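Note that chain A is present in both complexes that follow, paired respectively with chain B and with chain C.
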Partner chain A sequence: MTAFSPSRRTVLLGAAAALAAPRIAGAQPAAVKLGILQPVTGALAQDGEYGRLGAELAINEINSTGGIRALGGARIEMVFGDARSNPEGGTAEVERMNSEGVVAVVGGFASPICLAASQAASRYDLPYVVDVGVADTIVTRGLRNTFRFGPGFGKVTSGALDNLVKINEAAGKPARTVVVVHEDGLFGSGMARLMQNELPKRGFEVLETISHPTPARDMSNVALRIRALNPDLIIPSSYYAEFVLLSQTLQQRRIRPKGIYCVLNGAASNFRFVREFPQAANLVMDVNHWADPRKPKTAELRRAVEAQNRFWLYNTPLNYSAVMLVADALERAGRADRAAVIDALGKTDGSFTRHIMPYGPTRFENGQNQAAQAVNTQVINNDIKVIFPEEFADARPVFPWPAN
Partner chain B sequence: MRSYPPEIIGEAVLNGLLTGAIYGLVALGLTLVYGVLHIINFAHGALLTLAMYAAFVAWKVFGLDPYVAILPLVPLFFALGYGVQRLVIMPASKGEDSNILLVTLGLSIVIENVMLAIFRSDTLSVQVPYAMEVVELGPMLLGFPRVVGFGVAFLVAAVLFVILTMTDTGRAIRAVAKERTGAALVGIDVKHIYAVTFGIGTACLAVAACLLLPFFYVNPRVGNAFVLVAFTIVVLGGMGSVPGALLGGLFIGVMESLSGLYFGESLGQIGIFLIFILVLLFRPTGLFGAKA
Partner chain C sequence: MTAKDLLPIALFAAVAALLPLFVTQNTWLNFAVFTLIICLAAQGWNILGGYGGQYSFGHAAFFGTAAYATAILQMRYGMNAYPAFAVGVAAASAVGAVIGFLSFRSGLRGSYFALVTLAFAEVFRVLANASEVTGGAAGILIKLDVRPANFQFDSRASFYWIALGLVTAALVVTRALERSRLGAQLVAVRENENAALALGVDALRVKLSAIALSAAITGAAGALYAQYFLYLDANIAYGTWISVEALLAPIIGGAGTVFGPVLGGVVLHGLSEFTKTLVGRIPGLDLVIFGVLLILVVRFPPREIPGLIRMWRARR
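Right, the complex of A and B next:
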């Protein structure tokens, strides 16, 4: 039945070729299409917005500074996709981006979206650069197309535990007992289990792990239990709104431990929290993604973001850096070809310096940047400072917390 | 099970009562609309979200303290509720109760997404000087905004009770609730009463929103966190019963607080829904509900 009728795809291809023909003759090199995938509606929309902002800033910067030189100054054209805060949304958008002919996809934010979207991209040998998603499985499935510039969960948490020991020892070991407060989903429960297993090995006693649902309406009970247990250290792993509620409630009930040490916390490395609740945020520590404070580009980017009346969150520098990574690979590949870009991404080394993360020289192994790491931050004087590791730090830790 | 000193248990009970009063206030609007219009208003959560955004805007743009904002927001949301029932829900339902369910559901989706479009999904909150104040009751510390919320919730319930029992409009509302056709026959404008009831329910939400904002946050989905509980309270207290909603709210609040203390916040939530199922099984009319 279809033997003599041209397929829809052939017709579309012909039409596309006819449209593209005059451009080939022109002087302007064809723009390189880059897929930016972020959840900008649904539960994760806040993170997605800030991720998109980072990608936009990078693309604007590349385009205003001569485009991709190896491609005759080709501009980068953003093909944006809304992952709608779920894996299905992410997959659907990758399919669309593929049909629009993107050379690579950057983003995803949440681990489930990154897992599904990179898998979908792998069917088309479409390079996929994860911006945030920390699940270790993202880079252990043997997908050739998937790269992660930032650190994975294992690396973040082992670093968090080691750094906690170091910070505690440097202060003369003031902390011994711990209460873990966590949200009861995959992220918080996984973190709590890890803490319960690993902290005793490092000389801490976990008095109790307290779970709470998301969304939580009230943290009074959690605060009450913490007051009854009176731990040296509180380790929370919750999402933004719940952590804000918890830290406010602790402050209100005058519960003052020797420190609050967060790992991958939604609020403690978030300037919104610092601006809106300066007292509750004061001296909270976090182990998280954070831009390298010593790089001049970081300050420049932060000013640009704050000039838009927006907050400086880690999503922005991570996405900025991930887009720069793709641009770097395009320069080295010399052509806007997916296989060549995958090849070039895998060979990225220390000469890639346009990123603003506090990492050592880039080196990919099975798609994971081995130099990626989270850093310890602390809210000090209404600013978020890096306190550890020392080579990236712009402040010294305030621990234990001084008495009022 | 862990044992706690009495002052901690006492504080947990008081916290539960304070939170429960706000739950009751949210449930009040829901139960009233159910009792009179016999519809389950799925847009209740979205309307609460809308009211919280309104209170947020009043604070951010006009510098109004959330407690002061109650004064303009109550008539505003009464009018909104009246208009929504009169101009959207009633015409769209074409007299079929099952349509109303879908209309309110659709309304909630529209409201939530309009809020998302305007305010994005950022979690917003107000900063008021008294947010961190506490009321000291012996060894117990109670959050000042929660204590205010408790008092005002009771005040609203009392006012509502007076309106329903002592005014002509209140009598008309009760008449329509009991016997729609009969009420119409004696000359009550049923459509008007429906809209008034919906307006009162929405006005209750405006009060609840203003009481919540000083110690809570607002994002486009925040209403859902309260409405699921409110449904349980309505079933527990008896559909359509004003004192039932308030007492049900207090009961659920204490239940949630204590089970949270003993079984953890996550498991504590199960207690609420266990009650929901038990009430449906053994006393479907609720504690104060009239027989169907």
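Right, the complex of A and C next:
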């Protein structure tokens, strides 16, 4: 696809038009109100902003390409809510969105916000589409209104382990010993426990599990311990700053394992890390949400995001896809009615192709998209490439790392 | 305690109870319920901090203990929500007594007491974050099963009335404390602990009773929070946010007065909601305005709102 394809131009034009004239009164069919819930203040503000960006891009694109056809070309009107990085904030905003008559809510980002907000929405049979929140409990509570297009924690981690085995086998089994480094808080400890239980079953030997606090100011001891243990593979579960520190320390001390394999890492699939610390980031692997690199729309969206001087993070494609999912359900429901949309969301199938995630044909079971999966990414030549599964990959894994 | 003492409380409860008849929008009821939960937590703080002069920065320890106890008893031991609520409140009270015993017996006062309570709350937060029984990082979810028998209601108004009932009960308890021997001794300890000791007041016993009562009331707020939002994790239950909310409301509304915490809570949250609607859609701007207003309220003495009203009246 060339850089000046017509559809990209339409997207940009649509975006410009929407920015220049947010309210054009006209004799159009009534706009469909869609609630977009993101934490744009507080600790999760950055993630929330990138989520909102994805939703905005999707809404602009829908509106500039004829709106919802089944509703006579009705435009989608965004009703934005700031979840303030906490569950009460999310609940309060869902209540407001409900009173403003939205047909569905998309977003939430963090699992606690998704849990509380989807529950508040369920009181009104208001469809709620989770964008990121991976807690498995989100879709196991039996809420009819709650849907998740992306994968849950269980799916991500089991996929991560299976893919590790496959990548290792394809490379001729260079890795046998592992050191797990994890932050001692919420998600790190859980992940470390899982790795300790599951890796030996898959033929890996866990030499040691090293924990560190968040925030950590120094990783020298961890690095020295790793040097002494000399593992083939390092599996870190840390947040952004700590992982950056660890990978930098490893690089300074010239500790080069055969690979660094992260799962849902705060940094490894983040272009900020790649831009700011290109050498430390080089060849780090991660299992995370990521957009399908083979779809032309992905490149188009990425250019639109980067044109705004923003990074390309997974929040944007996930929210873009979740809004497209609701639009698709509206087309099939044929009316802006909550019950009809819930019904249509549950019946979504492979004909929904306007999303840009690397998933197979969509199929919902108890609100969870069964085709959703995380993919393996690797930082190669200052870019984040998908290396596994093969059908979505745009690069081959560099594993084991070259010796120099 | 005379009928005259209870009249303002009865009046407040009656007027507030009528609110859902006029305000049917759930947006507002949700806001009102959350405000009442904060008011309740603040009333607990007021007993120890306002009347006893023991400024705690760690009321999250009580809020979180009751919240977790309520949730865990229901989810892991299948207990009904109402007894679980009661056990949660009792557990918070017990934790209060233990923390109080450890710190008051060591003679910790003022900022030392504040720091120790802060540390206790943090320890609880870290433990809850790592432990299995609290669900660790993933948190704990109370099963959604909307039936009055489960302490879950279809309408937000029912919750509002329950929260209001608890706030009213706490008001009555505070008024009773104010009029009781214990209350007088508590104020004596606040004003001058050494003088109170010299007059034969058992300061340790008085402070322990106060912290147990205080923890129970803040615990009730925590248990109610768990029952209302049905989800907890360590940062919600034991996070510093609730410790700050619990002490900010009485300090603004008037610490050591019966209505102080309620007034402060309503003003604080009303202000925050007002600024939210005022500035509309620019994220964060309302928080800035809220912060500025807060500084103005605290900056100009007499600090509390009743004091401001008195000052204004005196000028006229």
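By definition in this document, the second predicted complex is superposed on the first by the 378 of 404 C-alpha atoms of A that agree within 3 Å, B and C clash if a C-alpha of one lies under 4 Å from a C-alpha of the other, contacts with A are read in each partner's own complex, and residues count from 1 in each chain.
One rule holds in what follows: a residue touches a chain if its C-beta (ideal position, glycine included) is under 8 Å from a C-beta of that chain, and two chains touch if they have at least 3 such contacts.
Because the structure is predicted, anything quoted here is derived from the model rather than measured.
Participant: Using the overlay on chain A, decide if chain B and chain C clash or can fit next to each other.
Facilitator: fit
Participant: According to the stated criteria, A:279 is in contact with first (chain B), second (chain C), both, or neither; which is it?
Facilitator: Touch partner of A:279: chain B, not chain C.
Participant: Between chain B (first) and chain C (second), which does A:254 come into contact with in this model arrangement: first, second, both, or neither?
Facilitator: First partner only, chain B.
Participant: Could you tell me if A:82 is touching chain B, chain C, both of them or neither one (first, second, both, neither)?
Facilitator: In the superposition, A:82 contacts chain C only.
Participant: Please work out whether A:41 is in contact with chain B alone, chain C alone, both, or neither, and reply first, second, both or neither.
Facilitator: So A:41 meets both chain B and chain C here.
Participant: Have a look at where A:129 lands relative to chain B and chain C in the superposition and call it first, second, both or neither.
Facilitator: So A:129 meets neither chain B nor chain C here.
Participant: So in the superposed three-chain picture, is A:264 touching just chain B, just chain C, both, or none of them (first/second/both/neither)?
Facilitator: Neither partner.
Participant: Who does A:240 touch here: chain B (first), chain C (second), both, or neither?
Facilitator: Touch status of A:240: first partner only.
Participant: Going by the contact rule set out at the top, does A:137 touch chain B (first), chain C (second), both, or neither?
Facilitator: second
Participant: So after superposition, what is the minimum Cα distance from chain B to chain C, given in Å?
Facilitator: Once the two complexes are overlaid, chain B and chain C approach no closer than 6 Å between C-alpha atoms.
Participant: By the touch definition above, which chain A residues appear in both interfaces, chain B in one complex and chain C in the other?
Facilitator: 41, 45, 184
Participant: Mind pulling up the chain A residues that touch chain C in the complex?
Facilitator: Chain A residues touching chain C: 40-41, 45, 80, 82, 86-88, 91-92, 95-96, 98-99, 111-112, 115-116, 119-120, 122-123, 135, 137, 141-143, 184-187, 189-190.
Participant: How about chain A: which of its residues touch chain B in the complex?
Facilitator: So the residues of chain A touching chain B come out as 41-46, 49, 184, 210-213, 215-218, 220-222, 224-225, 227-228, 240-241, 244-245, 248-249, 251-254, 272, 276-277, 279.
Participant: Which of the residues in chain C end up touching chain A in this complex?
Facilitator: Against chain A, chain C makes touches at 25-27, 30-31, 34, 129-130, 136-139, 141, 143-144, 154, 229-231, 233-234, 236, 241, 281, 283-284, 287.
Participant: Show which residues of chain B lie in contact with chain A when the two form their complex.
Facilitator: 4-5, 8, 11-12, 15, 19, 116, 120-123, 125, 127, 131-132, 134, 141, 143, 215-217, 219, 221-222, 224-226, 229, 256-257, 260-261, 264-266, 268-269
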